[in-house]
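Here is the structure we will look at.
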């Protein structure tokens, strides 16, 4: 419980199976490119109904612990979009 | 409608002309550095009134489809700020 | 007050001292990897109470001005997570 | 200002031109099948960004005055969906 | 407590007497054209003050149980506005 | 992505099995009387706990594309409740 | 329905009788110093319970039409608090 | 960026032309009686639909910098409504 | 606890020191021109980050008891902006 | 105005008469088992419409001052549900 | 549908399996110490992601009917925390 | 991170010193009668301004882990208010 910093990113997972699966898909995606995942919050649950199919869509905010950022040369996101 | 993943980013566009123009400015900016843009949501509309000028400011959340992320070596955002 | 573009990122600062310190920690972190910081909004104030200690947690949205994005070769965030 | 009853319906207008046009499209649609329109509220403004095009989407709640409903034989909506 | 389906409609009742009366007016109106009314939620309370008179306006969402919809030939709302 | 109009209706699905099933029940109901269903939003999740049983209740807003409404004789909802 | 301007003010009416009376008290107060009252919105209903008494408190936003403000010499609020 | 004080007022601008015009009308009105206008926030967008006409209504909160209030004799709003 | 009327005004205090100081600044300002201050609510906490400095901004709603308004000649705010 | 602690509990009062009566019922109930009641906030107003009857339901948060809790042997709620 | 009183309590259920299981865990817990459970509302869905595990967390408000509280000797919560 | 159950209670701490102190006062109070405190959320910050004094009031929701509730004889809150 030292003083840490976390960053949140917004991810929308989709699934033709269920909302639960859409969440798992989003979390698995986050795990591939981010480490130190800490928690997430479900923000919205929607669904697509076109062409007779049901597609579940869940918007999550996923939070991860930032690496120790005290070292010089820390490569950040930069100021791009 | 396969199971896709989207990411949302928050962008504030400004314009001295109109809210409509501020939205176009923000979307054009997003298009320069992100591909597969999918949808956006207007979150807030404010305006600056200083020095007798009117500046329109629109906060958007812009969502884009993530590239196929199954391949190894996928270069993510990293854990910087 | 020319037409600028800003991006917002969500950062959670924590501190065992106070909410004020947690905000300073989050802002200092943002300053290390982002330039042209412009404003922030306090979104949530929570606290951890485990093991008899009090840990303050503040969720901020920090906004920074994007660099001039008209040049080709502008290195953006890419489409990773 | 006699005691009237109003009903609200939710309509999403879309336009490739502007949010303003999307609102006009939705209101024109409501006028075709409902009379005594009274007021509307803008609930949400979103946009589609697929295939390089920008589509404006506005969700409105449109309210209309119900006909005098004291007469027997008043044909309502029924209990279908 | 079998698995039922309900539909919600938004109704604004008005009254020159009181908010309570405006609610009763709205509910009485709903009862004339809908059966199986189940519950309502008060969404907003406003008032008109023009011409020295006070008009109470209450927005309700009224929910009613849909008839058994398994039979063919069930006459629904159709796709009109 | 031509300029279309959509209408939203509020439906509450219930199930003794799960929230997922309650959503499927509501969507199946909407499909019986409405065509061109497009998307839905989950608004609220509640549950009944009486008599030792658990009943899941999900409030959805379901949106469907309105038929081409330019033709005369288009039969709308009318001004009933 | 010419292009008018309205201003909103926030007033809290209290009453030992009822919420209805508290609203009437607030509206009557607004009528004493403001003319062209147009509408109000109920924002919050609270109550005081101290010393065995029940005091009803209603927060309203009251809107009134501004006088024609084109004339010079129009006495505004000034820039005081 | 010295320590300043701002006050916010709520203004509803209306226009038969557009929401954009309604905002300009409201800001122009504010400029007539208040100086040091600083920023505004769009709170609500509604419209009147009576008598076949469309009237746009925008609720803004307009903020202005208070004059230096350290001098005695500063004439404030007083305690009227 | 007699039947009183209160009015709310929105004030933004700023400080280069802390949010606490920004609140004190706003309250002190309100005390100079309004009497019978009763309570306040913190609505928003933001901060400016330009030019390497941190400016705290707190939006308060401050409520004060209106003077006995039964006397004729009571000087109100008038209908200016 | 010494430094006190209050606790809030959520109570739903119901009445076949009116929302006002439902509030009185809830407050009377709270008075039976809690002392030092201080204030309440109305959170939601709903109604039941089954079997042709109208039942008013009001959700309140009722706050009461905690007894001086410095003494040992203070009997709290415990850690049960 | 006689005039009843209900109380709401806030419970957070967790599960390593699913949100559905977390809800069942919370309801089962409530059933152990409270009788006359009536309904619940899902307030928030979050998840823990630490140490490579996914923990589902659901915040519910559970409402139960209060026993007839007219009898003397009714043992309430007392005024503890 | 086994499957635990938490309960939330709403506490209002007050202080004549600062919001920070009001939070500490509320947490200290919770610690006296509840064990296994886990986290809290700041819900509202208000202040009293009567009689020339400033009193800070913070509403917290404090969550604590419920004891193992599988044992018979677990003493719950009961069904009192």
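Each chain carries a letter (A, B, C, D, E, F, G, H, I, J, K and L) given by its place in the written order, and its residues are counted from 1.
One rule holds in what follows: a contact is a pair of C-beta atoms (placed from the backbone, for glycine too) under 8 Å apart; a residue touches a chain by one contact, two chains touch by 3 or more.
If you're wondering where the values come from, they're calculated on a predicted model, not measured in any experiment.
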item: Shared interface partners, meaning chains that touch chain H and chain K; value: none
item: Distance from the mean Cα position of chain F to that of chain B, given in whole angstrom; value: 31
item: Geometric centre distance via CA averages, chain B-chain A, whole Å; value: 17
item: Whole-Å separation of chain centres (CA-atom averages), chain C against chain G; value: 39
item: Of all residues in chain K, the ones touching two or more other chains; value: 7, 9, 11, 20, 29, 32-34, 48, 50, 66, 69, 74, 76-77, 80-81
item: Interchain contacts, given as pairs of chains that touch; value: A-B, A-C, A-F, A-K, B-C, B-D, B-H, C-I, C-L, D-E, D-F, D-H, E-F, E-G, E-J, F-K, G-H, G-I, G-J, H-I, I-L, J-K, J-L, K-L
item: Partner chain I, residues of chain L touching it in the complex; value: 18-20, 44-50, 54
item: Chain L residues within the chain J interface of the complex; value: 7, 9-16, 22, 25-26, 29, 32-36, 48, 50-51, 53, 55, 59, 64-67, 69, 74-77, 80-81
item: Chain C contact footprint on chain A (complex, rising order); value: 1-9, 11, 29-30, 32-34, 61, 63, 66, 69, 74, 76-81
item: Residues of chain A that touch chain K when the two form their complex; value: 20, 23-24, 27, 37-42, 62
